[in-house]
């Protein structure tokens, strides 16, 4: 179980409820997933994290599905079980097909492999890839 | 410098040259970046890695730019300096704008933050996120 | 279950029992947690690890609570479920309040986020931060 | 060099300057380190990150020095060169002595070691450490 | 359960069955472990991953037991529970004794500790260790 | 440069010199590499780390070359530049050939790839791989 248990809506103070309400209306869902209930013991952490996520995951130069795929890629690389489960579900809601998921995993797998090969062979950055020349 | 130095085209055996030629024609470039030259001391590793990358990064259910963004997300999470530089450059060639890069970094940053919060608060996976129910 | 099972006190040889006794007397507890029982199949590993931990976690320039908080920070960053559970419990015994835990998580979360941003933007170290000038 | 170069104060727009001014007045310094200048190409990322850091690193249940030590612990575990350099410097400014740093490193080292031992021996969480019983 | 469930032999298409058959004959076993069944929803991923693993894990300059020990070392460092369990089992089949496992864990533990100390103390690479001089 | 600079033999106190002497005689070399000089500011850390390394890396059920290969595998996975350079050099001294290194890198690369695939597809551990049944 979560370290301090979960803060259910019925037991939440007004500050926490306001965040819960905003999560549900922004995401067009009628429930709150455990992540938010677990961190809601610290309303400032809850509010800051939600507002950052809301800002970051909104449509912009990248569309929301791509952002969810990126979230899954990071979560898989970090091995965060909760995050893999929750963001895979979110990506499916955003339209991720099984084919997209398989390609996502294929890229994540190869990137993790070649990251280590670049480390292990101590490869120097090509001048053409040096930043800020673009 | 790379652990065993770099295998330049002029010094490469036919097996390595064939891979180098395929890299250049596939990517429509006229040079080989250091990563491939560093691992070319093992032609089997070179060939296997290139053919996997070629297969995985080809257009499919996800387009090549999205795949490059995913590659950058993984490389940043793993802290692989070479890979961040090379795949950021590739992503720009595929059309990544500065705005896309900033959003990419914003998502990667938040994902790394919330991955740790989910770990630290020992959050249990919601039933709704349990895999294979979809 | 642990890879080779757990070495219970009743079944332990004198070398292992001596370590178990020292753990219990040092920590003022009357039981041994699974970590030690799992590695006790190798008495040299058990003894070396315990003696290092005992030396490192003793009061010094940093007090034991701060050391436990640091242990949790590393364990959360590495995503080690066992270590998060055991060291969160130890930290509570050393006096960690929920408020301290929330701040700990907030710092760990932000550090993981900005670590990735520094990687991703390929930020160079400022001269003022170069080591050994202090 | 940083991916898009650094945004110097003289070239910054009013939104960025306002953040730079707040960083300098909050930290009582007269310069901006490269991290902020590198991410300032995205004023929303700059502002959100700074405001989160400012809130998280302020004195609270944990004092600022402990928070800097935690930041170093995470950065060392993640292997972020920039962050190790910058937060080690910040910790020294907050009063970290060499003795504190050595103990910090000793704890971080042992935590990374025992995290892997717990993984490798597949140790199950003791009932006494199960969360939410406190 | 795995994200898209498991592809059992009875339900597999000919392409997947061919890989399953090769896995069983190569490894001299009469069953397929969950990893392959989980990724078999993407036959190209299944085939590419298996053929790479088959090539990489075959006897060569390093013997198969050493390769399995290396696999466990990486999996433990990454904290991949499935991989730790499966490759520890494979290593035992290849002849890993409990004594070998304990030494493996001891090395992995120390390497993870000293990796972080090298990071934390910002140690520069000795000229004698610079690559390519060998 | 290292955080607190390097402790040279000429400037070392007797406790540090004793460790340096033991490193040189154990390894049959006439110099001390930077890692030890960087941590020698804390003689207790130096002594504890060296004695642990000496015990762990000594010939046992696994031979010293295999142990160095394992050290490289962990260091590459963690992306520790100093450790990759120093332990690759040590492995060469222990007899690692280029062919061995290429196979080492191939295994490390594949392990990092399949670790992430196992995470991403949320693969459950097969009963046959459950620990302690052996």
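Per-chain numbering from 1; labels A, B, C, D, E and F assigned in written order.
Note that in this section a residue touches a chain if its C-beta (ideal position, glycine included) is under 8 Å from a C-beta of that chain, and two chains touch if they have at least 3 such contacts.
Worth saying up front: this structure is predicted, and the values here are computed from it rather than measured.
Common neighbours of chain B and chain F under the contact definition above: A, C, D, E. Greatest Cα centroid separation from chain D: this falls to E. Looking at C-D and B-E side by side, the one with more C-beta contacts is C-D. Chain A and chain D have Cα centroids separated by 20 Å. Centres computed as Cα averages put chain D at a distance of 27 Å from chain F. Chain A and chain F have Cα centroids lying 33 Å from one another. Residue positions of chain A with contacts to 2 or more other chains are 1-4, 39, 45, 48-49, 52, 77-81, 85, 88, 99, 102, 104-106, 108-110, 112-117, 119-122, 130-131. Listed in rising order, the residues of chain A touching chain C in the complex are 3-4, 39, 41-42, 45, 48-49, 78-80, 131. Touching chain B in their complex are the following residues of chain C: 72, 76-77, 79, 81, 84-85, 88, 104-105, 108-110, 112-117, 119-122. Remark: chain E residues 79, 88, 98-99, 101-102, 105-106, 109, 122 touch chain C in the complex. Against chain B, the residues of chain A that register as touching in their complex are 1-4, 31, 33-35, 38-39, 45, 49, 52-53, 56-57, 60-62, 66-67, 69-71, 73-75, 77-78, 80-83, 85-89, 92, 97, 99-100, 102-104, 106-126, 128-131, 134. Chain contact summary for the complex, chain A toward chain D: residues 1-5, 44, 48, 52, 55, 130-132.
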